[in-house]
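Quick heads-up: structures coming right below.
Each of the two complexes below includes subunit A, the first together with subunit B, the second together with subunit C.
And then the complex of A and B:
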């Protein structure tokens, strides 16, 4: 098979399966005629009506904002805490039980208390909730990445008397970056989950709010439209992140390909 | 220039303590090329790390130009054996050579000219924008050497720098180091387990014993300079010195192993 033909076949296979599934759903929905399971074509129309763009500003933007800010806080805090903890054994001994404890708690268990504690049903509570749970993957991966630094490189930096801030900027951070970025990717998908969850309760805006509110009022069309949007959102965010990763870690792919294990 | 006085290093305490270095003293004069050889596992790297200020000796001291070494001294640069580990894979060749210069009080132009000069000296100027992992092993070690040169040390410490490259590259790198040492007027302390290499390079060879390490003998090498891979190694004096160092070390090796029982040229001990 020629490379072009092969690529064509690959793309076709990638697209063919979802199309077949949608077609199957469509056929089944037509025959079932159940309001809980509308036809994909009807959902598509609803999707356009809701999100493109009458409710975009009122519900999609707030959700994106929460994801964006919560994720950003988690990344900054995770790296800022992870580097000193990765470098300090005593720091790790002191911090790890707490990290493991809070990480073990399922997010829904903390949702009510986050509302009480933060005296807030607005963005502060939602952003904090997202940031809190997105923190752990970044934090733990940063700690791991920093610990895994090549000792020879540390000795090299010491022997050249590289000052601490330069050492962190030029050596520690780049060395840990592949792991940090892997943690960020996990956090980003968590952020979408936490966004939906946080908007289920005491909320008046957001995609999660639309989803649950539609269900509670037996409006199954907007409910489905919200589900489709959330799926797309996660997909697109992950794709965008992969592009960022490719740019930020270009050296890593090349190096791994040549490294003798 | 450099004095090692009754240096010893013990890891751990009590009955589990490991005496890596027993009692080592020797000196390196300004401009001298001194090789340290010893049987495998005799603590050569530990010794070098103590000298480089990376490890604190348990007793004794290292004195560089009259000052006791307690941390890595500014006028000393260290080249490690594992070039692939001591170079930063995320930085270009330029970035790697620049690393020890960023915190020096230099202008941007001075830094760049030091980088250029150092890379020119090792013949890698045209690879300045490559990543180190895009280069061969020998070239990567030359990047590490260039980084040390750019740092402008008065003494260069090298820890088995050519142990991971092939034989041909190794002789090229040996000649490169001899030339650079001359051009940059550096003192060199070179740890190796290759006896041929030590005789070929040095003015003096410090032969070490097994751990707990002591100095077995200091061998003067008065082979004519400049050294030449063929002509120097043809000399009767070279063969004689080589055999002498070999015997010193062989007596240290209690159980002969296949690699050490036959003295072949370039044999590692």
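And then the complex of A and C:
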């Protein structure tokens, strides 16, 4: 096979396989005729009816709001805590047992506790829950990023008597940024999961609530529409973040491309 | 040009001892703070039982057989989920990683299925497999499968082409190349996948127990919560965290043992 033909076949396969899988699902659903497994086309119609846009304000917006606020808190706290911890060895030694513990605990174990502790099943509890578990990827990556800075850079700045806050703003933060951004990306996909978990356990609104409620009332169509929406949300948020990353780290990529290997 | 890195001088004993004592002091301080906050009423004891009360409750739990059965049930969900995911993801990852065409064909479905939070599948499992072990295993396997698959694919793709060509010119057969070249060089990637997937598998085993009521620590936590037995609820959370830490250390140790020969393991990172 010539290389061009091969490339063409590859692209064709890349398009054909997903379509074939969707078609297979559709055919299977038609032949199974099980109300638990509606046809993809029916799900699509339900998806449009629910989310574009009759229930968008009541259930999608609250979820997006929780993800947004929780993620933002996690990023700010993660960077604010991570920089001093990255710079101080003793601080790191003291903080690491705690970080290791909270990172290893399965998040749902804290769902009931978060409700008791915060007296809330509303935004306070949901946002805190999301923020708490999204904190760790940002925090750990910030610590690592700060630790990985070339010591000569910081020493040079110090010998020029550049004050500490300027050193952090101009040297530490930019140098650690690529890794911080990598942590942020992990946090964002985590935020979607935490949103679903927290709304699936005692809530009155949100995509997770629709999922739970339609399951409890045996309404299979909205349930599948919610599942598709959650999948799509994870995919789209990740894509949006990649675009942001390309902009935020454009200088870094360019520098790396020209740097001698 | 940088010189070849010299082996780092062995760190002296004294700082290690200092590190350990700082870490232990920090944990003790946090526990003392917990006791204080609750006893002084900063957060009411009805919301946050004191540290001593919680550990008392944990101590009585530890003496019951039911507690250990719950722990073993959760560990079983974790181990089987991770094991099944490994058995599926590694062969598929090798196949997709070594075949450009197959990788392209399945790129879109993988990219689309991978970010789906497994938790979104709970209602479907509820209605199909029911509230039993198979649901828990499906959930844990589904979650653990993707990191392992992607890591294996990257690992296989990253095999040094010169090594591969050399093996070919020595007339090593396909199977032997797989065994002697591809697998060893992909192994560090696979183990990173195992580490990620191990965490995911434990989380999802627990999630299934909490939300679907399959027996285990998650179910026990939910029962304590529903009956308002606060100190037990906190005790279960502490126990679950300790289980998570134990599993994390076990997997890291296993990685270190299996990959002893590999450069990444020679100098253990401090943190």
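Operating definition for what follows: the second predicted complex is superposed on the first by the 241 of 261 C-alpha atoms of A that agree within 3 Å, B and C clash if a C-alpha of one lies under 4 Å from a C-alpha of the other, contacts with A are read in each partner's own complex, and residues count from 1 in each chain.
Keep in mind that, in the parts below, a contact is a pair of C-beta atoms (placed from the backbone, for glycine too) under 8 Å apart; a residue touches a chain by one contact, two chains touch by 3 or more.
None of the values given here were measured: they were computed from a predicted structure.
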Three-chain arrangement built on subunit A, subunit B and subunit C clash or fit: fit
Partner contacting more residues of subunit A (subunit B vs subunit C): C
Touched partner set for A:170, first subunit B, second subunit C, both or neither: first
Geometry of the superposed three-chain model: angle at subunit A (Cα centres of subunit B and subunit C, steps of 10 degrees): 90
Touching partner for A:240 - first (subunit B), second (subunit C), both, neither: neither
Touched partner set for A:23, first subunit B, second subunit C, both or neither: neither
Touching partner for A:110 - first (subunit B), second (subunit C), both, neither: second
Subunit B versus subunit C as contact partner of A:160, first or second or both or neither: first
First, second, both or neither for A:252, with subunit B first and subunit C second: first
Superposition-derived minimum Cα distance between subunit C and subunit B (Å): 8
Common ground on subunit A, meaning residues reached by subunit C in one complex and by subunit B in the other: none
Subunit C - residues contacting subunit A, complex: 19, 22-23, 25-27, 30, 43, 47-48, 100-101, 104-109, 111-113, 115-117, 119-124, 126-128, 199, 202-203, 206-207, 210-211, 217-218, 221-222, 224-225, 230, 233-234, 236-237, 240-241, 244-245, 247-248, 271
Touching residues (chain side subunit A, partner subunit B) in the complex: 150, 152-153, 155-163, 166, 170-171, 174-175, 177, 251-252, 254-255, 258-260
Residues of subunit B defined as touching subunit A within the complex: 49, 52-54, 71-72, 74, 76-78, 80, 82, 84-86, 88-91, 99-100, 102-103, 131, 133-134, 151
Parts of subunit A lying in touch with subunit C, wherever the complex brings them together: 6, 9-11, 13-14, 16-18, 21, 36, 90, 92-98, 100-102, 104-113, 116-117, 119, 143, 189, 192-193, 196-197, 200-201, 211-212, 214-215, 218, 220, 223, 226-227, 230-231, 234-235, 238
